[in-house]
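Per-chain numbering from 1; labels A, B, C, D and E assigned in written order.
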Amino acid sequence: MSAMFEVRDLRVLYGGHPVVEIPRLTIEEEEVLAIIGPNGSGKSTLLRVLALLEKPAEGQVCFKGQPINYKRSLLPYRRRLALVMQHPILRNTSTFENAATGLRFRHLPEREVKRRVSNWLNKLGIAHLDKRNAHTLSGGESQRACLARALSLEPDLLLLDEPFAALDEPSRVSLIDDLQNILNEVSVTTVFVTHDRSEALIFGKKVAVMMGGRIQQLGTPEEVFSKPSNEAVAAFVGADNIISGLVSKAQNGLVSVDAHEREIVAIGSYAVGERLVLCIRPEDVVIEPYSSAAPITSARNKLKGRVVRCTPLGPQYRVVLDCDFPLVSLISKQSFQELSLVERAEVIASFKASGVHIIGKRV
Amino acid sequence: MSAMFEVRDLRVLYGGHPVVEIPRLTIEEEEVLAIIGPNGSGKSTLLRVLALLEKPAEGQVCFKGQPINYKRSLLPYRRRLALVMQHPILRNTSTFENAATGLRFRHLPEREVKRRVSNWLNKLGIAHLDKRNAHTLSGGESQRACLARALSLEPDLLLLDEPFAALDEPSRVSLIDDLQNILNEVSVTTVFVTHDRSEALIFGKKVAVMMGGRIQQLGTPEEVFSKPSNEAVAAFVGADNIISGLVSKAQNGLVSVDAHEREIVAIGSYAVGERLVLCIRPEDVVIEPYSSAAPITSARNKLKGRVVRCTPLGPQYRVVLDCDFPLVSLISKQSFQELSLVERAEVIASFKASGVHIIGKRV
Amino acid sequence: CASGSKQDTPPPSGPKETGSKEVILATTTSTYDTGLLDMLLPEFQSKTGYLVKPIAVGTGHALAMAARGEADVLLVHAPEDEEEFMRAGNGLDRRLVMHNDFFLVGPPDDPANIKGSRNAAEALAKVEQARAIFISRGDDSGTHKKEKEVWVKSGIKPSGAWYQESGQGMGETLIITSEKRGYTLTDRGTYLALKKSLNLAVLLEKDPILLNIYHVIQVNPAKSPAVNSAGGKALAEYMVAKETQELIGSFGVDKYGEPLFTPDAGKNENELK
Amino acid sequence: MDLIIDGIVQAFWLVVRGDPDVMRVIYLSLLVSGSATLISLFIGVPLGTLMALSRFRGRGFTLSLVNTGMGMPPVVVGLVVSILLWRSGPLGLLHIMYTPAAMVVAQVIIASPIVTGISMAAIAQLDPRLRMQMLGLGASRWQMLWVLFQEARLPLLTALMAGFGGVISEVGAVMMVGGNIKGQTRVLTTATVLETGRGEFGIAIALGIILLLLAYLVNLTLTHLQQQGRPQQ
Amino acid sequence: MDLIIDGIVQAFWLVVRGDPDVMRVIYLSLLVSGSATLISLFIGVPLGTLMALSRFRGRGFTLSLVNTGMGMPPVVVGLVVSILLWRSGPLGLLHIMYTPAAMVVAQVIIASPIVTGISMAAIAQLDPRLRMQMLGLGASRWQMLWVLFQEARLPLLTALMAGFGGVISEVGAVMMVGGNIKGQTRVLTTATVLETGRGEFGIAIALGIILLLLAYLVNLTLTHLQQQGRPQQ
């Protein structure tokens, strides 16, 4: 694997304000990079820079080691990529012609155009709409048409900006499945923006978290979702429990943190008296009835608490406990029913020390 | 509660084809109705009919018992509702003016306009963009602006078409929370379209499943998600395991169904020899190691099977088993790790009889 | 400045090998609108091989063009301006071609009662006294100049709401006069052409001052190297040639029952009055 | 070339001196063409909007008619209006022939198809969902249209300027129905024709320059108005 | 009124008889105005597109100039072109004064601002994201422009028709630079003026009607071409 793109000291300004600021970003060949981040954090802007649609105010974009010269024709680069923009932008012509747009730009023979476009319209489930004016398509159908248009190009580099946002869930799941297979087969370098954490998890081989125009963290999905590099990333990727406290004990790679008068055990080496920020993922918090005989488990932390609120969240329940500090737990519907949780019920919340992530020191 | 809207024998035709066909639909006052369904199923079209933006080819729309007369002015009705369309449509002016659009139509005093708009821009986190031209907003910022525009109207009826599709996840969760509170407080009748099942679950007091222009099921979220009325709905709302077989035994309200040579016990009264379609939600399927001593549980079904594939799905794993028929289970990451599942491993899949839902007879 | 006097002009010669075949004739709209040139020019072109481009514009426009060497030959009817033009050395040869006449027209019921006046000057004085509407061309055309000459003769400086300037060609001015029930001075050709759609009567004619005399002037090739002197000369000579003069004499008889112009080649301007 | 320079110098002096005759001509030009443009806006914008928004039968045919109307020769318009307004004509009783009113009538006929055609294209080019969204926010029909006009302000300004430009520069029709009567119906274009006919090319060009300056000022004012109150980009 | 009816009847007969003089005049009108429109398309559409797409300084000023250009009086254009093309003028050596070529030059000057202004509004009204999306699919600069033109085909057709309508109906400039020479530079409008001057109002109206018919046919053809190959709605 070698670098397809390298971005250095990038700064994009809008109205004088920096919208994207990236000291360095490398995208390897055949890599699938997911970019997540809150609205307005500059994800689409970065994608436009990678598509060479935006000349950055400062910095360099290198394509396969060669710095891009914006004064020369960018066509050779652009012919190797396919972009799906966040809003489906379709021309006022048939769905077929829309999907064929990029192929026509490349002067492909008519037979080949027909073959590829039909194939992709089929895969995306809109083959029956091929003769329809694209402006009459529904939201999801438009997005499929845009995907078909990009995918039929069989590009070296795919740039997708929230490509599944308008798709219904079954279609999205099966499409992601399909795409994953295709990307594995033909090894297309892919950069895609999403606000759906699970899409990033499933799809990305690497995940970049963008916030305020900067890449806050870049790593494997595991890394990013289990070890957020700072509080903001942690809050964004969904580690709801962020607790701070002072180290009260430290030995054998385990630290005890005194948080709101409770002791929390975590893995790490810190000095006594240091102030730490801890992060506990709600999925990692197990709830058991207070009355139950303490069973043998590997959970080192067991905190007594009271149920404050239970909210259904799809097939799960989000239970907020009061353990002198708020602690959130996600449990299955079955468990919820079995535990017959009600407000103000007393329970034990347990979680493993390895489930406690130390984000960093707070001053 | 009385009916705000009643739709009778509705048919909307596009290019001669029926796109929406609804014999009867009632929307009670203060109800929150979620419409889900695959792309192109006519959800947006139905919303347009309810907003009186589309005159149906056939049928009647009654507003508070009065049939709408499309020849008369529809303004009095429209002034009571606020619509957020699927694509954010913003005027080429400032974000503030965009958000104020509906209020200006209603000739509200300037002070009141300022108050309401600022309030909502704030709540939606785009107060700092108020002077910016709305065409420079990012995807999510645009959607927020559209929401602010509709919500500041404080209407009797809110029509939202995938209003959160472009929002990042933390914003979406907090916004849904906020909205839920507001809707509870001021009792706004709300119809909203979504392709996100969990949004429908959280938000809707009723859920309508639309497919091919027809409402396939309408009921509480519980009903729709646990008791899909037919195979298509079941497939769409995510009951991945759909198995058919012949009733081999029937007693005490329990039936045994012979499916692919395996016996599945379910709750229900059917005659021996009848062919049933069963639906088992993946979350309800528990996996335990084959070697383990059979523990005492309430699970009536225990099937031996082999692991075919494991896919990470956010904080969960989707495990496909081969029990002579494919059976899908969703388990937590911890369980996955504890069970140390590998392909071709032998396991026991267990699920309770009450977890098996009988969709209907197949002919 | 003498007008041309040779009756026996030699037959016009063709364009020389080196000379341009294109001859630009700057003329007034009145000659053009009557259709006279449409009759005369094809004849000339087929005889000589020259290509004539008749440019019909206002008199002032025609003279200004010619003074800049933008035309090769002029056919105009503003004697005083023509003399001025010759004095400035812009023309080579000014020859009398033909004349017709002007006359005063007005509403058939003649509210200013000018019918029966002794001459044009007296008639105009009556118009002024009656404060009847008088429409002047006001465009420094030959007709306008003639009108001003008559006013001078009557000793009146016309001004006031009754005296209006149309600033347009003869045809338009006649229509305006008819619509406004006014009086105006017109040339014969235009009046006859428009007669059927006008509600105007001829109220005074045949005053010697009202002669409308056309001259042909060859543009001085010294003014500009681009001037086609041979072609200009040939066309000028064609205009005064005997056969041409006969054609002019018969022009309009079939349409109006009377000739529109009187051929005058070789005559002296003064002997017409 | 000397003539053009001469023209520029004369234009300068005419304006600086404030020659009352010239001022009157300028005033009348603005008055007649301004009114005519305004009236054609009131005809053309609604008509164009109607054609853009509704899908009636024969829309294509009407569109061709409007487009054809852009090619209506001013001379013929002048002639037809004259025939109607002459004393002998069906509207002769109005007695407006050879008055500024008649000129306005003729210019309205010339400008309306231009304004209609461009407005129609401007409105038709807008996203149809904008209309729906505005109605869905409680806009009355007029408020919805007002929003459409605001969104299409650039092409509508072009429609306005093309209409104004078409009539302020037009000479065939005003000449015929106005009569170019000094002090009454003489406007910049007819004065230019007159001076050209007199061979006063310098003055003619000067008048043309004044006319262009006028159009430019009108334009600048409109563009300025249009740009006001725009949010930051 | 009888004059108008007379005109219609005469127009019918002129066309049916196929009067060679009239045919020649029609042919020349189409040739001159057609070429002029075509050339102004090649000037105006790129210029308008440039102004719509790039954000150079003084864009607002240029826009005002273009809009002002729509108000350029044909008489002045005719005069200035004459001055340039006259034998004594700087371009006299071309020897195209009083030829159809000179008429085309004058009409190009008249039509270009119209085409530029409307094209500019048409392209500026398109969603700027369309451009990005097309480039992001590998469009070359020309291919991207081609897509823009296709998307803006309705207003661009309006630009074309307004340009064509402006020049085919124009008389001041062609009269001056063409000279209205029979069989050489006489077009429908100058013939109409001539017939009006001769008091032949019926024939004048007939010629006007023929001109409008011609514009209508051109229009119908263009609209038809534009509608071809559209997908089902």
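The rule is simple: a contact is a pair of C-beta atoms (placed from the backbone, for glycine too) under 8 Å apart; a residue touches a chain by one contact, two chains touch by 3 or more.
It should be emphasised that the depicted structure is a prediction, and the values quoted were computed from it without experimental measurement.
Graph distance from subunit B to subunit C, where chains that touch are one step apart, equals 2. Residues touching across the subunit A-subunit B interface largely coincide between the two copies, over half of the numbers being common to both. The chain pair B-D and the chain pair C-E differ in C-beta contact count, and the higher one is B-D.
Inter-chain centre distance (subunit A to subunit B, centres taken as mean C-alpha positions): 22 Å. Chain centres here are Cα means. That of subunit A falls 57 Å from that of subunit D. Averaging C-alpha coordinates per chain places the centre of subunit C 37 Å away from that of subunit D.
The distance from the centre of subunit A to the centre of subunit C, each centre being the mean of the chain's C-alpha atoms, comes to 91 Å. Those residues of subunit E in touch with two or more other chains are numbered 196, 201, 232-233.
Residue positions of subunit C touching 2 or more other chains, listed in rising order: 172. Of all residues in subunit B, those that touch two or more other chains are 15, 87, 132, 136. Partner subunit D is touched in their complex by these residues of subunit C: 57-65, 138-141, 164-168, 172, 175-176, 179-180. On the subunit D side of its complex with subunit B, the touching residues are 127, 129-130, 132-141, 143, 147, 150-151, 230-233.
Residues 1, 3-4, 60, 63-65, 67-76, 79-80, 83-84, 89-90, 113-114, 117-118, 120-122, 124-126, 152, 154-155, 157-158, 161-162, 164-166, 168-172, 176, 188-189, 192-193, 196, 201, 204-205, 207-209, 211-212, 215-216, 219-220, 223, 227 of subunit D are the ones that touch subunit E when the two sit in their complex.
Across the complex, subunit E is touched by residues 24, 29, 32-35, 38, 53-56, 68-70, 169, 171-172, 193-197, 224, 226-227 of subunit C.
Residue ranges on subunit B touching subunit D, taken from their complex, read 48, 51, 53, 75, 78-83, 85, 87, 89, 91-95, 97, 101-102, 105-106, 131-134, 136, 149-150, 153, 159.
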